[in-house]
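Shared between the two complexes below is subunit A, which has subunit B as its partner in the first and subunit C in the second.
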Partner chain A sequence: MTIDDLMLQRGEWLQGTGPMSDVVISSRIRLARNLANYPFRNRAGESDLAEILRTVSEAALSCRSCKDATALDLDPADPLDRQVLVERHLISRQLADAPGPRGVVVTRGETLAVMINEEDHVRLQALRSGLQLTTLWGEINTLDDELAERVEFAFDGRLGYLTACPTNLGTGIRVSVMLHLPALKLTNEIVRVARAAEELRLAIRGLYGEGTDAVGDFYQISNQTTLGKSEEEIIEEFGESIIPRVVEYERAARQALIEKRPVQLDDRIWRAFGNLRTARIISSEETLLHLSHLRLGIATGRFPKMDVKELNDLIMPTQPAHLQKRTGRTMSGEERGALRAAFLRERLHHLN
Partner chain B sequence: MTIDDLMLQRGEWLQGTGPMSDVVISSRIRLARNLANYPFRNRAGESDLAEILRTVSEAALSCRSCKDATALDLDPADPLDRQVLVERHLISRQLADAPGPRGVVVTRGETLAVMINEEDHVRLQALRSGLQLTTLWGEINTLDDELAERVEFAFDGRLGYLTACPTNLGTGIRVSVMLHLPALKLTNEIVRVARAAEELRLAIRGLYGEGTDAVGDFYQISNQTTLGKSEEEIIEEFGESIIPRVVEYERAARQALIEKRPVQLDDRIWRAFGNLRTARIISSEETLLHLSHLRLGIATGRFPKMDVKELNDLIMPTQPAHLQKRTGRTMSGEERGALRAAFLRERLHHLN
Partner chain C sequence: MAIPCQACEKNSACVHLTDIRPSGEAVERHLCESCAMKEGVAVKPHTMSATVLEEFIKQGLGLKSLAERVCPQCGASFKDFHEQGLLGCPYDYTAFADLLKPIIEKAQEGAARHTGKTPGPSDENARRQATLSRLQRSLKQAVEAEQYETAARLRDEIRTLEER
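Let's look at the complex of A and B:
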């Protein structure tokens, strides 16, 4: 499987099929691991990094969990290809931009990824649409066990898994759920959600993680501490208490909009459609914002022209690297804006 | 002819047919006159005002210029009806809101109007689409002569026509031209036009005259002084020098947009269409702004779905009083916004 093959498919996390997918876009679990007998990434030399890359790639590819996976060598890769992987949520921006030998092993369905030589030597990721943390935990735990049979992870009996950054120490787990909260945003109740999250020591971020704004009302909620609780406790708290409560809160806000401000709601939804269908130049941020409102229209039954799958199929192709990759060259922001608008018009034209 | 009849027609000034109508919406000349032997309006009593109204109405209706005209008594009229006349540019906001006996005589084509008991006893107005000040001057001068045969105007051999406000003293003339300057606005060159106008002692205002902003890139340029120059000099300067220069300036700005920023230009035009076609609630200001961009699209040949007449037919019906008059009752701003959006969608739906 190549990057070009990836471009042709919709990753599992964008299928729009998982539980609570009216509000939950996707769930993600990642585990941070480091190899024993090698210095941490920031102290490792070029040859160490190359050895780690080779060792972990081979180990991962030999796991049953990764039987249909591909290893992508990122250092020699085209920057555009790396950016495509970032947009697909398969690697972090940090891994894309880091120097030296590094790579990723990705399964065909894009549900499992093993990042190599990111902040830690190994970062496992399991990613699926909707709220399905238990499934993800099963998958990532299996992969973790399989890898542990093949390489030795740095582990301390008292501290747990050793990580480059102390915030990941212990379980090395981060659980993240991507939520679509347009109604809480429109009613400004998102402020209360953010405050509650802060009290629970959760992080709220945008679509592309750390340091990104919540464009298009897509919010990522994740745990910040990894020490003192078991993986199962963190997952149970997230999957059975925190996230379902936010989902209910968003659903109630949507219902309130439908009952109390239906015209304003429809105005948002239909103007989003109008703008996407007529713009001649449009940024990826504005595109996401309009797609967010269309998604709200689909979820509330007020925009019957599309289903969530069709909507999701507009998200990836309008991202900057995907756009450029398809035309086969890097472009200025203005060129991208025009191409993005042309793509959207072509895809939406038949929806009269 | 009643207000209801007016509602069914497009006033001559919105025909979009006059000279330079790619940029000039309409031209207007008004003359301020007062009857001799009556105190100025602000010192006149109720019975004076009633007598002036009756005298001038009868005189106007007997003029050949007003042979198909109707006299509308404004004091007992429904406020909504008065507002309809303001929106059609047949009376001023001041006349609509003033207390006491007052009225207007309007010709069938809405090209001539005689306002009675506005700031002055008599205000004659001639109004036509495009730049045709010479025609207007012929028409209003004839009407002025005809009226002068029937009533005695307050006139001083040295000062000229006497008026309530000294800025109108002398000729009592005001020449106004409504221009559509979207390209100068988009390129921000409008600032230079405004500065030049200021130096020439001209006033630049919005669509509804004094104290209104230039909504939708519609600008009204008018003379401020009426003393020291003859009517013919003022008209010649306006019609043959000032306005043609602004028109050329706007045309050049449009050409520059087409050549240098065609995508951005089309983006404005087509998004305007998209918003008008999909909004579920929309203000009259936003409507005018979008219609302005569509008009630019029509004038530059980049929006072939409509002609100027069809576009103009969206302007009046979406004005607040016209909207309310058609449904037969006053409405809240929110109700109007929803009704306006529904009207626009219905009118634009077939233009796929």
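Let's look at the complex of A and C:
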């Protein structure tokens, strides 16, 4: 499997399926692990990193969980290919940009990924669309067990899994749920969600995680505490209590918009449609902003021209790296903007 | 009526201890806060945060030697961690244990102990957990029955199992 093969797929986080998919875009669980007999990544030499990359890649490829997986060596890879993987949520920006031997093992369905030599030696990731934390935990827990039979992880009976940064110590688990919250944003109720999240010691971030702003009303909520609770407790709290409440809140805000401000709501939706099908130059941020409003239109039944899958199929191809990869060369921002607008017009012109 | 401190015989005691001697004999002791601190049985709440530490380092006030402590395994100093936010190797958690403790507690909502999964076959872990809770129940019973010799033995057994 190559990057080109991946480009032919929809991308797991954009399947548009799974529980609560009217609001929940995707769920992700990540586990941080380190090999016991090496310095952490930031203090490891080039030869250590190369050895870790080889050891973990081979170990991962021999796991049953990874039977259809491919190992991608990222250091010699084209920067554009690395960016494609970031846009597909298969690797972090940090892994894409950091120097030195590093890589990722990705399954064909893009649901499991093993990042090697990111901040920690190993970062396992399980990803699925919709709210599917229990399924993800089953998958990533199995992969983690399989890996632990092949390599020795740094572990302490008292502190748990030892990580390069003490903020990941213990379980090493990061549970993240990507939510589409346009109605809470429009009504400014999002401020209250952010405040509540802060009180619950949760982080709210944008589409691409750490250090990114929320673009197009897509928000990522994740846990920050990794020690003192078991993985199951953290997941249950997320999947049974926190996320369903935010989902209910967003649904109520959507209902309120339909009942109290239907004209304003329709105005947003149809202007978004108008912009997307007439623009001659458009950035990826502006595209996401309009697509977010169209998605709200689909979810509230006020924009019947498309379904969520058709809408999602406009997101990945308009991302900068995917756009360039498909054209086969790197382009300036302006050139990309024109190409993106042309792509959107072509996909939307038949809808009247 | 307040019990006077057994060490200074001036202040009233606020720390009450039951020491278990190697012979198994239980001895009660009553100390005031400052005598207890002198003897190392009580400590002031740890309030050293990362920013306070930074100040100390900048001013070079006595803590210089702490910041320059080096991990014998990877050669990283505690100052390196402080500057980069990342540790050098798994052994740093042992080498800098006392310095990391308040930082971990701050980052982890006061938690200091892992209760999640452990690597390796899960039945072994389950067995260990079962043994632990059995020992803890016995310890509680022994203390309630004032069987201090048994309690001391159980406590050591629990500690050994927990360290593993």
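Criterion: the second predicted complex is superposed on the first by the 352 of 352 C-alpha atoms of A that agree within 3 Å, B and C clash if a C-alpha of one lies under 4 Å from a C-alpha of the other, contacts with A are read in each partner's own complex, and residues count from 1 in each chain.
To be clear about the criterion, a contact is a pair of C-beta atoms (placed from the backbone, for glycine too) under 8 Å apart; a residue touches a chain by one contact, two chains touch by 3 or more.
Only a predicted model underlies this, so the values are computations on that prediction, with no experimental measurement involved.
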Legend entry - If touched residues of subunit A are counted for subunit B and for subunit C, the larger one: C
Inset, instruction - Applying the touch criterion given at the start, work out whether A:E110 contacts subunit B, subunit C, both or neither, answering first, second, both or neither. - result: neither
Legend entry - Touching partner for A:D22 - first (subunit B), second (subunit C), both, neither: neither
Inset, instruction - Look at A:A36 in the shared chain and tell me whether it touches subunit B only, subunit C only, both, or neither; answer first, second, both or neither. - result: second
Inset, instruction - Using the superposition on chain A described above, determine whether A:N275 touches subunit B (first), subunit C (second), both, or neither. - result: first
Inset, instruction - In the overlay, answer first, second, both or neither for which of subunit B and subunit C A:D266 touches. - result: first
Legend entry - Residues of subunit A that lie at the interface with subunit B and also at the interface with subunit C: none
Legend entry - Of subunit C, residues touching subunit A in the complex: 73-76, 84-90, 93, 100, 103-104, 107-120, 122, 162-164
Legend entry - Residues of subunit B defined as touching subunit A within the complex: 263-264, 266-267, 270-271, 273-275, 277-282, 334, 338, 341, 352
Inset, instruction - Please give the residue numbers of subunit A that touch subunit C in the complex, ascending. - result: 34, 36, 38-40, 42-43, 119, 141, 144-145, 148, 152-162, 164-167, 169-171, 173, 201, 225-231
